[in-house]
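Structure below; questions to follow.
When the chains are written out, they are named A, B, C, D, E, F and G in that same order, and each has its own residue count from 1.
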């Protein structure tokens, strides 16, 4: 039925689309990432809401606008939660879909933005980032780098000419120490911040590796700002770059309440740039005082060593007295030996003399004693001989006497004395019978007193 | 410390210098060196002290901006 | 000590000299040597004393110079 | 002692001489020798004593010289 | 003792003489000899005593000389 | 004893004489001899007595002389 | 003993004389003896008695001599 069907003019069509869409999407909640934010001269805020799929590929996109009248309110509500509509932020918003005929463009008229959604999302992302960093072992990585005792060579990442930059440099300059600062400019907020900070870190590390340009630390500072401004410093990219940085990273990101993930993974986090400067100055002052102390200790020890050496040497100076003492001792010992030698020699002589004298005395006594012992022995024996002999003789004499007496008694003379007589004839024979004589024979009669001569007259 | 060959000949860093200083102090303190060497050690120590002090006390703070490759050469 | 062959002939270090000196003192003090050797030992000891004294004096002068330098550089 | 063949014939050291002396004293003291030998032993003892005395005198002179030198060098 | 063949005929040493003397005394005191021999034994003893006395006198003179020498050398 | 052939004929020693005297006494005492021999024996005893006495006298004189000498030598 | 033929005829020994005397006494004592024989026997006995007495006297003289000697030596 060509030509008979109802035919729209463009405006009629766009108007109808607008009505249908208005009815269909009169009030919807939409979640998306903010991109291409721009505000118009009349105070409206234009941006795109996109949905990203795998590999950040955009799978859905819609233009969005917050009219000036709404934007004032929305901005106030967001600011109350330390937020704003910024590039890259996920927001949940309420509004309706509108088709703008004259431009033939579909757009989402945003009337409200859910402040709590962004907040929760941020926190969620924050937690995910932290968990990821922890899993990768990056949380303590930068902190484990050793900060030089004298952090004089500094890499500085900040927005050149910002208040933070000036505060920091003033802090260093006032100290009078010879800090050397290598500035690497980076936007500290907005869409470029994340990229520029990461690049600055990389550049400074590269610079530090070039000869004679060694840096002691990298200082990352910014002035104060809203919580949303800080979002970059919660990002995984910056945090990982800081964590993996070959140099200690000191942060002074200028907020009092919350700690960003950048702070969390940095070597040391300070509240403000001034605090970073104070810390650095203090470190150098400490080093300087330790140098001074070292110098004093050196001086003192050198003198002590010299004194010790001298004392030791002085102890050895008693060599001479000791040697003299040795000699004296030796001389005394010698003298002692000398006297002893003489004494013993003489003693030996005296002893020998005494022995000889004793022997002599004993000899003098022993000869006569010997004679005395033997003198009487022959005499005694002789006396015994005499005794025995005399006895024998006396005995013999007695026997002889006995015999002699017997003989005497038997002798004829004894018979005659008793009155007997004995008569012999002339021949001298003894006359026992008268017949033995004849008359006239002369006979001799022997009497005791003598003999009588007579003549026989008759027989 | 001071005898290690890999040490830079030019000027040791502050930390290295301080380590050497500490080592010298230790040696002097612990009879580790002879009187003969005392002056030499002290001389070396003085040198190191001067070096360290020089590093800290420079006339003025120095600020340079490094040449930055603002393009993301790694990513791009 | 004094009889070791590996000992340097020229001039012993302060420490070595002091050790020898103390050993001699010990020997003299403890009847460790003969009277015959006493003079020789003492002569050697005197030599060592002179040597050590010289070393201390030299070290003292040098140390004082260095310390003076140090103080000047701190004050200056 | 005196009978050992390896003993030096020339002059014994102070220590050796003193030992021989002691041995002689011991012998004289302990009836170890005859009166016949007494004079000989004493003569030897005297010889040794003279020797030792000489050694002490020599050492004394030398020591004094050395000490004088030492004192001069300390004062000087 | 006195009958051993190895005994020196000339003059016995002091010690040997003393031993012989003791032996003679023993023999006399213990009636080990005849009276006929007594005088001979005593005569021998007298001889030995004289011998010993002579030895002592000689030794004394020598000892005195030695001591005198020593004292002279001490004083001198 | 007294009958042994090797006995000296001339004059027996004191000891032998004494032994003979003992033997005589024994014989006299034992009725073994006649009165005729008694005289002989006694004569012999007298002789021996005389002999011994003589010996003692001689010895005494000699001993006294020797003792005198000894005493003189002690005093002298 | 006394009956042996080799006995001297002249003067019997004291013992033989005594035996003969005993025999004479025996004979006299028997009745058979004549007065003349008696007289003879008695004469013989007297002779023998004399003989014996003489022998005793002789011995006695010897004894006296010894005694004399003994006494002499005591007095002398």
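To be clear about the criterion, a residue touches a chain if its C-beta (ideal position, glycine included) is under 8 Å from a C-beta of that chain, and two chains touch if they have at least 3 such contacts.
Remember, it's a predicted structure, so these values are computed and weren't measured experimentally.
Under the contact definition stated at the top, the chains bordering both chain A and chain F are E, G. At the chain E-chain F interface, residue numbers used by both copies make up under half of all numbers present, so the two copies contact each other through mostly different positions. The most distant chain from chain E, with centres taken as the mean of CA atoms, is B.
Per-chain Cα centroids separate chain F from chain G by 32 Å.
Averaging Cα coordinates per chain places chain C and chain E 66 Å apart. Chain centres here are Cα means. That of chain B falls 66 Å from that of chain D.
Multi-chain contact residues of chain E (touching two or more other chains) are listed as 14, 35, 38-39, 42, 46, 49, 52-53, 56, 59, 63, 70.
Residue positions of chain A touching 2 or more other chains: 295, 298, 302, 306, 309, 317, 319-320, 323, 327, 330, 338, 345, 349, 352, 360, 363, 367, 370-371, 374, 379, 382, 385-386, 389, 393, 396. Contact between chains, as defined at the top, is found for A-B, A-C, A-D, A-E, A-F, A-G, B-C, C-D, D-E, E-F, F-G. The touching residues of chain E, counted against chain D in their complex, run 13-15, 52, 55-56, 58-59, 62-63, 66, 69-70, 73. The part of chain A that touches chain F in the complex is made up of residues 357, 360-361, 363-364, 367-368, 370-371, 374-375, 377-379, 381-382, 384-386, 388-389, 392-393, 396. Interface of chain B with chain A (complex): residues 13-15, 18, 21-22, 24-25, 28-29, 31, 35, 38, 42, 45-46, 49, 52-53, 55-66, 68-70, 72, 74.
For chain F in complex with chain G, the residues that touch the partner chain are 34-36, 38-39, 42-43, 45-46, 49-50, 53. On the chain A side of its complex with chain D, the touching residues are 317, 319-320, 323-324, 327, 330-331, 333-334, 337-338, 340-341, 344-345, 348-349, 352.
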